[in-house]
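I have placed the structure first, in the form of structure tokens, so that the comments after it can refer back to it.
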Amino acid sequence: MVRVAVYGASGYTGLELLRLLARHPDTRVTALVTRQDEAPHVDEVHPALRGRFDLRLENLSPEQVAERADAVFACLPHAASAEVCRPLLDAGLKVVDLSADYRLTDRAVYERWYNITHPDPDRLGRTPYGLPELFRDQLRGADLVANPGCYPTATILGLAPLLEAGLISTEGITIDAKSGVTGAGRNPKPHLHFPEANENCSAYGVGAHRHMPEIDQVLTGVAGGPVEVVFTPHLVPMDRGELCTCYAAPVGDATTEQLQDCLRARYEGEPFVHVVPNPPGTKDVAYTNNCCVYAARVRGRVVVISVIDNLIKGASGAAVQNFNLMHGLEETTALA
Amino acid sequence: MVRVAVYGASGYTGLELLRLLARHPDTRVTALVTRQDEAPHVDEVHPALRGRFDLRLENLSPEQVAERADAVFACLPHAASAEVCRPLLDAGLKVVDLSADYRLTDRAVYERWYNITHPDPDRLGRTPYGLPELFRDQLRGADLVANPGCYPTATILGLAPLLEAGLISTEGITIDAKSGVTGAGRNPKPHLHFPEANENCSAYGVGAHRHMPEIDQVLTGVAGGPVEVVFTPHLVPMDRGELCTCYAAPVGDATTEQLQDCLRARYEGEPFVHVVPNPPGTKDVAYTNNCCVYAARVRGRVVVISVIDNLIKGASGAAVQNFNLMHGLEETTALA
Amino acid sequence: MVRVAVYGASGYTGLELLRLLARHPDTRVTALVTRQDEAPHVDEVHPALRGRFDLRLENLSPEQVAERADAVFACLPHAASAEVCRPLLDAGLKVVDLSADYRLTDRAVYERWYNITHPDPDRLGRTPYGLPELFRDQLRGADLVANPGCYPTATILGLAPLLEAGLISTEGITIDAKSGVTGAGRNPKPHLHFPEANENCSAYGVGAHRHMPEIDQVLTGVAGGPVEVVFTPHLVPMDRGELCTCYAAPVGDATTEQLQDCLRARYEGEPFVHVVPNPPGTKDVAYTNNCCVYAARVRGRVVVISVIDNLIKGASGAAVQNFNLMHGLEETTALA
Amino acid sequence: MVRVAVYGASGYTGLELLRLLARHPDTRVTALVTRQDEAPHVDEVHPALRGRFDLRLENLSPEQVAERADAVFACLPHAASAEVCRPLLDAGLKVVDLSADYRLTDRAVYERWYNITHPDPDRLGRTPYGLPELFRDQLRGADLVANPGCYPTATILGLAPLLEAGLISTEGITIDAKSGVTGAGRNPKPHLHFPEANENCSAYGVGAHRHMPEIDQVLTGVAGGPVEVVFTPHLVPMDRGELCTCYAAPVGDATTEQLQDCLRARYEGEPFVHVVPNPPGTKDVAYTNNCCVYAARVRGRVVVISVIDNLIKGASGAAVQNFNLMHGLEETTALA
């Protein structure tokens, strides 16, 4: 039984993580850590968890957490996360970090895109990237895992096999992403006010979204040569779900069938990635840890579409999957 | 050409009012008044109005407004509204007040429910209530009109004819109301954050909603005897629209057909109230100034259902209708 | 390991049931029965189940089902359901019937409301009603359980304790219900077409909904005297969730606090019913088997609000809860 | 006063057209034509129009229509439309055709994409394309106008000025479009059933959408050289609104500012096209005839975003704008 603490339990990824942990037979949640001084019961913060945990959120020091828990999920904003992870890792706990802090391997890239000094730079470049479908071997038994961003997850799962196989070019990749509103977090903001976001669709972070260098980095590693994507996320009036439509230039004459065969071969046996013959919808994977991937050749271009639940495969489900691998548990535990 | 100023133009009722005024051939909007010091162009505040008005919001004194305008729509919170209306009325402008300030005739009732000293008590009891279907004669040529609350509008239009005709009892009236989220205003709040309000339905203000004494007052006047309703509003995940399901005890044996006949007779010739043979949906009246009303006898009770667009017949459309009556214009101008 | 067959697996209750059974450690789904001749893989019918079951839907005879399964969940329309349940029960299988066929104890009432001859009248009146919070003892070990309707579940859980305690009158109970659209089933209909149902709210089945006699029957049993409710359901633009606002006349002077105390005492120790101090929203229980109940005294009336997920506590979750009781398993298995 | 008949009045474009015509001071709607034999009152088909028109839908012959009307709006499926337009044009009526029948100038392209023999091929290539911002001179006084498709409208308004100015390449244009569900019409279909389309986002018609050759044709004309776009539309869970994100290769070094300047210069004085400094949302133009356009340079690519209301600027609003030009009326009549 692994004793687990959750930092940042009050947000949407925290909620989703707790939903999954409530069903995990090998863990016991022993601490919900907040940076605020009130200590509400988790039922007040997440009514949907009523009856699952008899815990309050608490403002605990790393020392206190280290006494109560063997492992930690950190659902904190960037920078705040590494500051907390550092002492916990030093104290011997295993950590799944859901923030961006350990994803980028190059400190300079991190500091440029996040506009901040990295609080724990020594672990950059040594921390495995928590996408089991690509890096499973590095994740088994790891002490710290950088849980991927939601857009990178969907995008990389769609494009990596085609880049590996040399079926698409590293140049000119364009990613048009659509996300449900939970992706923007739980803090009320004017443009996320119900009557503003409802019945509305808009692009945001055009040319400036921080998942762009993360996608570049992983696809560059996969392709063995520099990839620089154009990435445009959009807000869609739904709670959850994420769809990435990726456009790439083919190398050679691969047909729709050959593109799909390549994906199918790559993901054979993967429990959570499914290659589908028709364009998938986000609802096909909502409330699951699945990713569905589709590819087609259109007028001399390659179109790849992948869908995930941004809070599960795009965050908390992946975190549990990584946790399972880190602890030598069955990878699909609590996720099936 | 009536020169018009709008107070509180940045909210949803302000937006809807401006949409209607943009089509009104007999008015010219000359001032958009705000209590803040920035002076954004109306296009920044309401992108949906782009190309309609070349105006900025301005923090104007009542004197400045009185110079520029002949009439005012006040879309302000209670108390703030009467404070502004008072000098404008004294300066000779005509005012449609969309707040609650002049609706209740009894100062004590107002002060108890709104928990505040009334800023302009002398006008209470002398200000007509802006429901043309009931009080048209008092509205023609009036200088000040108290524009009704959205829930009272829907409720009263449904119940008043049956009370007038003695077909339902004054006792035991229960109103279960459902409203779109624009009814809660434009300020972001945690429970109105998209992922909280979307896919959610909940009651609010149980036993405490301020439209309750307003409904009591008007129905009491209509019925000629004391009415005290139980009123429970609910939030429904949609932008706009309001549905009131009213339950009453019949007096006598009126059938569904007789109830509907009573309503039809009462509203014959009314341009905006339609008695319908099947339960109406809010979308039947969305983006219109219409109210649809339905009645049925169910197991010895009377069920009356009425629907309006909360921002139009429940606010800005009614305000324009009242404005037209106050200025001797065709009542349906800009509303058809 | 109980071998389980599901009839009517292609609908929304079927989907939800399969989601739950995928997590149930003591069952194995061995047959998905359809009345159509195509035999699609369950992944085609329910993409959200991808990776969970390697099964096709099959048009099987009761004999074939009896060979493959020990227990059956029947998610079929009324009448069709009893026709199938009858031979399965005779063959010794345990059955949870999610249709209305075995809920009403009085054949004449059934035949009047459902306008059909009952296909298995002998089991009426001898089949326990699957609301464990009221009838747990009858459900343990039972061979056939009548799974309750969604509206009756929410309504009865809210009102039964107050009737039992004599705090509210049996007369004049009014129930105003709001439901997400999955409650109307998976068959496309004009009024459920997205652009018709979205941004819309309407009443339906006014005075004619078949859950009315079911509520009457159970509340009559609880109260020990005749109850006849007025029940008005409404469609709300959301996938799932159900909120019942119940209005009743108090007997005596019970305060809000006393009403809530009564509910709390009644449901102490219940794993899935939670008495809450503020009006609950449907999202508080979405994707859970929970029911949240709230009560207040308002102007001399009692208002009781209860929320459930119509597909879980209102259908498939309750079915699994009943299944667990029927098989002597831990009641909360697969539901926590 | 132009007497107007509307074919296909029962769909969503018909509804929206009638809403606009209800406010048009220079028209009188004299016939609503249907191909079915029932003759429902328009209020039954479109409750939202209640009180606007006292008309029934009628199955009228072209001769009957020609007697009653001077002009026609045809909101019919392709092929069905040209069959009706032909005799009406021959009888001397002016026609705005909202179908695809007269948009493509090349009969072979039409017949390949629509898989049908064109019913009125002689008018192909002689019929002006109803995008006033590009072809206003051809539309003034025209007898027949081919009203553009919704996706072409948004796309062309965004890209045409940059192609005209030589700022983007004719090669490699990719259009990722998002549309509300009314774009899919009013006929119920399984994937448009509320619980399927709600909380869902998916691509459709990948590589096969019929608006692709239409976009090609117009952009080719504008650019003076062959354009062949990759176009992927997506369904977004909202009633209306359409957002096109277009990706193109720059020619030269135009900055974001220069791209926006080019657009602003091109659309100066246009009543309905607004160039905006930040990415627009569909709600910025909902229920208006506006198109908002935005452009930016991102990592060596050009991103152009444009939004329209698919039913107004994308269909019925454009149709009224064209009608006004055809009849020598003020272009903005009924649209401001």
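Read from first to last, the chains carry the letters A, B, C and D; within each, the first residue is number 1.
In this section, contacts are C-beta pairs under 8 Å (C-beta built on N, C-alpha and C of every residue); 3 or more make two chains touch, one makes a residue touch a chain.
All figures in this text were calculated on a predicted structure; none of them were measured in a lab.
Asker: Farthest from subunit C in C-alpha centre terms, which chain would that be?
Answerer: Following the centroid criterion, the farthest chain would be D.
Asker: Looking only at C-beta pairs that count as contacts, which pair of chains has more of them, B-C or A-C?
Answerer: When the contacts at B-C and A-C are counted, B-C has more.
Asker: Report the inter-centroid distance (CA atoms only) between subunit B and subunit C in whole Å.
Answerer: Those two chain centres are 39 Å apart.
Asker: How many angstrom lie between the CA centroids of subunit A and subunit C, rounded to a whole number?
Answerer: From the centre of subunit A to the centre of subunit C is 36 Å.
Asker: List, in ascending order, every residue of subunit B touching at least 2 other chains.
Answerer: Counting only residues that touch two or more other chains, subunit B contributes 180, 196, 198-199, 237-240, 280-281, 283, 286.
Asker: Please output the residues of subunit D touching subunit B within their complex, sorted ascending.
Answerer: The contact residues of subunit D facing subunit B are 19, 22-23, 47-48, 50-52, 199, 271-272, 274, 276, 280-281, 283-288, 290, 292, 336.
Asker: Which bits of subunit B are touching subunit A when the two form their complex?
Answerer: Of all residues in subunit B, those touching subunit A are 12, 180-182, 186-190, 192-199, 237-240.
Asker: State the interface residues of subunit A toward subunit D in the complex, per the touch definition above.
Answerer: Where subunit A meets subunit D, its residues are 172, 174, 176, 178, 180, 196, 198-204, 206-207, 228-230, 232, 234, 236-241, 243, 245, 247, 279-283, 286, 296-299, 301, 303, 305, 307.
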